[in-house]
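Same chain, two partners: subunit A is paired with subunit B first, then with subunit C.
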Partner chain A sequence: MSRLRLLAGRDITSGAEDFTEHVRRLGAQPAAGPALIETIVRSGLTGRGGASFPVGLKWKSVAAHSHGSAVVVVNGAEGEPHSKKDRMLMTTRPHLILDGAFLAAHSVRARQVVLYIGEEHEAARNAMLRALAERRPNERKITRVLGAPPRYVAGDSSAVVHLVNAGIATPMTTPPSPHERGVEGGPTLVQNVESLAHAALIARHGDAWYRSAGRRGAAGTLLVTVAGGVSGPGVHEIEAGTTVAEAVEMAGGVTEPARAVLIGGYFGSWVPAEHAWDLPLDSAMLRERGLSIGCGVVGILHHSSCVVCETAGIMRYLAAESSAQCGPCFFGLRALADACSRVAERGTNPDDMHRLHRWAIDVRGRGACHHPDGAVTFLQSALKSFPDDFAHHPAHWRGQGRQTPAGRAQGAHLDE
Partner chain B sequence: MSDTLLWYTTRAAGAVSLVMLSAVVVLGILSTLRVQSPNWPRFLTTGLHRNLALLTLVFLGLHIVTAVVDPFTHLGWLAAVVPFSSYYRTFWLGLGTIAFLLLLAIVATSLVRGFLGHGAWRAIHWLTYAAWPVAVLHGFGTGTDGWSFWLLVLAWACIIAVGVAAAYRFMSGPRDPLASARTAFRADVNRREGE
Partner chain C sequence: MSRDVQFLVDRIRCDGHGLCAEILPELTRLDDWGYPIFAPGPVPDQLLPLAQKAVESCPVLALALKRAERHRTAR
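After this line comes the complex of A and B, so read on.
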């Protein structure tokens, strides 16, 4: 377990850090306001929910539209199947997240803070509620807690806004984006819990301090979840720019030779293992290489596993997670998942291969939210990284993935 | 450009617009039904519907512009946007103007559907069922070729195609798989208090 900044302090297996301990270790919550926004802009901190949007710019935009009507949403929905870092941070360092949330609220002159926590993340929710009870009354008074339904799209920022406004966690068409017009019409800052925790530390130590961590020219630290075929899968705090190989080493190394690495989660990309080891884990450095850090998932797939079958399972899951608001997403992802499943089940055939390539292009950009785009980015990475596997796939199918109690496919599983 | 060429262009572009508009309407109707195959999943129907609709506007534009600038008719630009303002075949040409304005509204609202919301967009999209027959009537009444054999064949082919698709749509009832999936998903993520 690597713990540098967010996870410094008491051992993370010993539960949440309480308010007294938090203040003793880090000092009281510093001042907020326009100067803090400038500091965060200079730090170069980017969002950790998946889109890597610059945090300072978002705060600036919300502050500019606010006039006291803004809302801050603390996004701990964490619907990404392999990601564990958000619930881990909420469970162990809730006050760091709350510091970030209230600093953001003061800086953008918000009237309300919404804690949006995945319904299935019970330990995280309890830790956040206990921490909230320890905060000052003026902070508690403006805070409400909402559960995020356990569906993939529920963490989308427009889905959060829709849930608060109408009670239904489905994404909405943007523009207007939530940071222009969101909860009850006010500009709404939807920020991932890890981003807020970083902001709380930057407020205390400054932007130069934030950038002093980082390797190979990258700045800061980030939480990653190393999943799949490693001896110790779990969450690690790493310096930005740490390579995939180094992160996998922190997780105890691979248990069998690796075939492929999933970078960034289900909206990310498959990379052949031999090309993945030296990739630096940093949003800007991965973007230069046409990849995305997403929510920080690094998934290891063993050589004995089949990348085509894994891809089919994940496409099936993503198709089932469409909120069925836009036809191209609902029908397009289903058609792509069907074609991919047929290749997995019955073996390669030219018709389905042609369809996968062509329809992936047809689906992109045709949804109100980015669900179809994320899914085809993932599919296209599989087709591009493993052309031979797709071209010569034998007729085998390794199961449709686990079923949840509700009967919903949970997606393929990187061997654990 | 010679006047004769303009006149031929107006008539040809009108006929092409009618055929394309009918195809757009048929595709639109099909996209609400379970019309699909392994080779043609439903999202391709909606994509074609959209692209063909935009292309239809191009031919419709050609039809209108060539008619207006034709010095023989000297219709004037007003006739293109104000119904029944033309001295020439006032009623029948006015129908064309109405169909044009309706189509403009339908396309414009589709382009900014995100700002409008689904309900408003859908309500306006229903106007297609008014715009299309008005356009067909305009073709019969205004057209120099209204009763020529080739246009009759084309027009009736369009009428039969749209008629069959519409009849099938109304007989098959509201069994849109997208709508039922949406309802199910929304029920699953509905956290409205008191429900």
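After this line comes the complex of A and C, so read on.
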């Protein structure tokens, strides 16, 4: 359960591993190229930013379009409110991420590497900059560092490309997708920091080694953020296939009986607690059950909380985080959030319940990016998992959005 | 041989003018905010002329007709 790979080595509370220590522990950066891409394909490694896309296939596609014009974007935007794993990995194991980035760059014959780090993740940014300064000059000179604005959509791969090209971190219409035509027109590999760190270890130890971790038939390890009603909320590295109950145990267990578990973050799903404990945390195994691992958030909601009010709070947050480019997302999510809030504040009513079900179907698939899809997936999970709560909700309001330092609606107060 | 043509919408460009739904109600309806929802699947051959007119009438050029991949031929 606690076989550490990404987080092996020095204790994670003692700061970043420097270059000397990193090389002493893991050896020099191994060779890159077409053979490495095949190894990563065989490992079955999937992306850890949310979409779980096979990493090897993405490298292959970018390499095929490259001709030396490709760009690798190291995605450390981490805009998901309850996720902490990317900034934690950047803060503690920056060289593992950089190894993965330069291995990817060599393998797809990229001319540039962009470190794209959330503006508010200051410790992570500093650790990555210090680590970059320790790297070889030929790596430093192809690397630039850009800040990701603190918006939910800023981590979307087309938004990353838009920011680099035009200074605006809003999603763009696809096709062409970034891996075909992205930064400055070159094919662009946008890869989450955790995915790159795994690739750096697979390059050293091989695909069979990667698959040798994992439980209940799943392969590898992953970082999860256990948030909400547990004694020790935070980031843990778990073997894929570890159950929700086991992950919650690693975070010190629940502090009160749980009502619901949010699996995968705000684009994920509410699952009634009694059905959640035995779920295996693995992208493929969750997909078989109609769920998604997303960015690895496991959020515990206490029995004393109101799932309708929490859902309304998160919908208000997601509506506010629309980049306001596509009508069905901008107007649709706002209308859904308003209807959900009316049910939460004034009590349930058939008109709003009908609207929630109908609009959730209407909005899906009608944005340039997946923001509206993620939001309605989340809403539909609430309607499906807690039909009685919505049908009998009294007029109360316990889920009002807090304000973050930046003054934005925070959504749920899972971590109170 | 069916040409298997589908609508391709640029969701960012679309401003909900609604001309497509006026011209081709058979395949298009407007949502509660005035943005078009297209029927899934290929455009039937007999509706292709109207579909073409809908594309040409869009004031913000948000609509296109796209041949499905497997029927793509050299032009």
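Things worth noting here:
The rule we apply is simple: the second predicted complex is superposed on the first by the 409 of 416 C-alpha atoms of A that agree within 3 Å, B and C clash if a C-alpha of one lies under 4 Å from a C-alpha of the other, contacts with A are read in each partner's own complex, and residues count from 1 in each chain.
Methods note: contacts are C-beta pairs under 8 Å (C-beta built on N, C-alpha and C of every residue); 3 or more make two chains touch, one makes a residue touch a chain.
On a predicted model such as this, the values are computed, not experimentally measured, just so you know.
Steric overlap between subunit B and subunit C is present once the structures are superposed on subunit A. Number of subunit A residues touched is higher for B, counting subunit B against subunit C. Using the contact criterion defined above for the overlaid structures, shared-chain residue A:359 touches subunit B and also reaches subunit C.
Contact with subunit B, but none with subunit C, is seen for A:146 once the two complexes are overlaid on the shared chain.
By the document's definition of touching, neither partner reaches A:234: not subunit B, not subunit C.
Look at A:367: by the touch rule set out above, it reaches subunit C but stays clear of subunit B. Once the two complexes are overlaid on the shared chain, A:163 sits against subunit B while remaining clear of subunit C. In the superposition on chain A, A:272 contacts neither subunit B nor subunit C.
By the document's definition of touching, both partners, subunit B and subunit C, reach A:327.
Shared-chain residue A:347: touches no atom of subunit B or subunit C. Counting contacts as defined above, subunit A residues 173, 325, 327-328, 331-332, 335, 359, 362-363, 366, 368 meet subunit B in one complex and subunit C in the other.
Those residues of subunit A lying in contact with subunit C across their complex are 172-173, 325-329, 331-332, 335, 359, 362-363, 366-368.
Residues of subunit A that touch subunit B in their complex: 146-147, 149, 151, 154, 159, 163, 166-170, 173-175, 322-325, 327-328, 330-332, 334-335, 338, 351, 355, 359, 362-363, 366, 368. Contacts from subunit C toward subunit A in the complex involve residues 10-16, 31-35, 37. Interface of subunit B with subunit A (complex): residues 31, 36, 38-39, 41-44, 46-47, 113-115, 118, 178, 181-182, 184-186, 188-193, 195.
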